[in-house]
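What follows is a set of structures to go through.
Heads up, the next two complexes both have chain A, just with different partners, chain B and then chain C.
Take a look at the complex of A and B:
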């Protein structure tokens, strides 16, 4: 990358601040809709970090797949299940919070210690291939990573079929009592919520 | 302050560690099932930043980390689709997205 080091540092600082503050907002904000939009911001900033790491193809894939597909999917799910409900209070929520926060902080300190103390074997001519990385990824995908590539296509097919099967609603084509065909646009099978009262 | 040639690798690694821990915290503490899925996406992104950093700093000739990141993005997309479909059918049966009420498999 041919950007000056000062510019790189400024970009990195801004992007990582957006990533971390946005991620904190995703997990801490009350409104789930704000969380979803902040998640989109986090994904975009991660794509910016990839650009700083000289990976334009992966940055584009990140924007397309995460912001364009996953985030939109999450927003649609929020739209479909967003119902104001007052959650039942849990009695030991405080101790649970304390334990989980301490576990996370311990893990964070452990990871940061590893990051800082380990001697990384950094190769000296940094960023040597630069913009050729897209070509190199293509070569990898069609030579030594060919099997994972093909398996990924099967995985996507299975995920698509599975999502359709799971999320489909059963629509009845005739009325139960009279046997007459029904207008399918309006009537859905009114199923009792099976498991609501079994707590 | 020493004269840097590029951003130190530790900076990227610390950002990804912090992002991973925020994701774990959200996964453990969210009551809303959609937020749990979002936390999983955050954790996957942290892993991706790690892979990309190592691919750029250590393995910058054969960028295998970038290929791994592509596969992780693929799996994450599939996971999000199936997870949200499961969430929808769960919502249809239980009329809630509260994680505390999904206790059917509790021992």
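Take a look at the complex of A and C:
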């Protein structure tokens, strides 16, 4: 076995372990902040797996989008609303846990069944594209995957408009969800312009 | 363009001369450039700290450090040693694990980004295909480290400081990436080597700064904001605010933040010189000098000359930019947080978008000048 293959196997093992343990930590840990940071670790390890598959562009995009944007925003949200309060005890917590565990195990067994029954057609390409992949991804995004690509941008636009509507409640005098008039006094005034006009 | 010294090849050949297999030679080679770049980064920080002290002193009509070595050149080492032997304090109510991991998460992506900084045709650790995109991706990890250390300090000023630092870092990443995208559009490649080679045809006249003046200014402003340098150093703002996310830090953990911000400054200066100022290129093309001296481009003398002039030019351009950054720090006032975010989102973002659009249009109209 050559050194390169050994390194690959070691990297794969470590990354898979980090993904599995990290994902379990995200679900099982009590502290939401730890969960959020572990989620970042899981995203990073997935990027590492992409790197092992010679998909360096996808790996960098994964880091940029999932770690740099999604995870940072999750942590931001947690820190802005992080109230120190104990959750209300739920009476039938045990039965709920049993139900959710069984559902998760069923899903897992379904996935394992798919994994075992499906014939994975692994044909190693003779000349892997490697560094060319960035160009190929660009070509695909602007030809046969153009519609999904554009639809995704519409989705993001919708999310952005929603966020603006929620954030700029001072421009409407009715609460969107309840329909009650909004107390305008509490809302922060919009900031001063960059160059305040003195005269 | 396959000329220039290939140190890896010669080193491997040298080891093979002792009867080692090429794989073992490769493994012995691997840590060497990494170590070299790490040493270069740390030495660069020491030089920058000394420059900062001396230039700030000159700007304020003081003398500055004087007794530690000639002209105080040993002062940064004294500073570093002081931080190294200071007690490592973790506040009683802080979160120990996150408190330790925060500074590491801030420093490691910055050092990893040195992977793609070329000092010559073959003088870089790895010519990865995604090149400059790797740097953008890595620098987006930093806000997590800032938020982590702000949260783990268990101090409301630290938490607010961490949130503000992360907000600043996120908002200036977007115009930064867009102005890099305009360069990539002109180069047809993400690789830093290709970006420099694309500017090397006519010496100083073919540098990207003439074709991307707006991109250059946007990139420089954003790079300063990413490094938390004045006029954008709100996250720490030592004279006015509580020192942000690093309030509770002392000793080596504080030194990691310090090191990270200075390495980031040098890295940004190097990247500005690579993206806009021709990288390792001499203002007069080396081919012309070789022709003037009647030497073939592959002559050993020209090879060594090209390699050394490449390193000297890269470092010189980077330190010129570091000098401007230091001068800016000691001569400009600080912006407010709302002004900072306004500048980022309402001014730089539209401008860099328009710059990208115009670059794309010019590329279609004049492919010979803007890379067909």
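The definition used in the following text is that the second predicted complex is superposed on the first by the 160 of 199 C-alpha atoms of A that agree within 3 Å, B and C clash if a C-alpha of one lies under 4 Å from a C-alpha of the other, contacts with A are read in each partner's own complex, and residues count from 1 in each chain.
Convention: a contact is a pair of C-beta atoms (placed from the backbone, for glycine too) under 8 Å apart; a residue touches a chain by one contact, two chains touch by 3 or more.
This structure is a prediction, so every number in the text was calculated from the model and none was measured.
**Student:** Once chain A from each complex is brought into register, does chain C clash with chain B or fit beside it?
**Tutor:** Chain B and chain C fit side by side in the superposed model.
**Student:** What is the contact status of A:80 with respect to chain B (first) and chain C (second): first, second, both, or neither?
**Tutor:** both
**Student:** Once the structures are superposed on A, label A:61 by its partner contacts, choosing first (chain B), second (chain C), both or neither.
**Tutor:** both
**Student:** When the two structures are overlaid on chain A, which partner does A:12 contact: first (chain B), second (chain C), both, or neither?
**Tutor:** first
**Student:** Using the superposition on chain A described above, determine whether A:131 touches chain B (first), chain C (second), both, or neither.
**Tutor:** In the superposed model, A:131 contacts chain C only, not chain B.
**Student:** Chain A residues in contact: does chain B have more, or chain C?
**Tutor:** B
**Student:** Check the residue A:69 against both partner chains and state whether it touches chain B (first), chain C (second), both, or neither.
**Tutor:** both
**Student:** Would you sort A:3 into first (chain B), second (chain C), both or neither based on which partner it touches?
**Tutor:** The second partner, chain C, only.
**Student:** In whole Å, what is the nearest CA distance you get between chain B and chain C after the fit?
**Tutor:** 14
**Student:** For chain A, which residues belong to both interfaces, chain B and chain C?
**Tutor:** Residues common to the chain A contacts of chain C and of chain B are 57, 61, 69, 76, 80, 133, 191, 193-194, listed in rising order.
**Student:** Given the complex with chain C, which residues does chain A contribute to the contact?
**Tutor:** Touch list, chain A to chain C: 2-4, 33, 37, 40, 44, 56-57, 60-61, 63-64, 67-69, 71-72, 75-76, 79-80, 130-134, 191-194.
**Student:** Could you please specify the touching residues of chain C with respect to chain A in the complex?
**Tutor:** Touching chain A: residues 23, 27, 98, 128-130, 133-134, 136-138, 140-141, 143-144, 147-148, 150-151, 159, 162-163, 166-167, 170, 173, 190, 338-339, 342-343, 346-347 of chain C.
**Student:** Which of the residues in chain A come into contact with chain B in the complex?
**Tutor:** Residues 5, 8-9, 12, 16, 19-20, 23-24, 26-27, 32, 35-36, 39, 42-43, 46, 49-50, 52-55, 57-58, 61-62, 65-66, 69-70, 73-74, 76-78, 80-81, 83, 85, 87-88, 90, 96-97, 100-101, 103-105, 107-108, 111-112, 115-116, 120-123, 125-129, 133, 136-137, 140-141, 145, 148, 152, 155-156, 158-160, 162-164, 166-167, 169, 191, 193-196, 199.
**Student:** Which stretch or stretches of chain B touch chain A in the complex?
**Tutor:** Residue list for chain B touching chain A: 4-7, 9-15, 17-26, 28-32, 34-35, 37-39, 41-42, 45, 48-49, 52-53, 55-64, 66-67, 69-71, 73-82, 84-89, 91-98, 100-101, 103-104.
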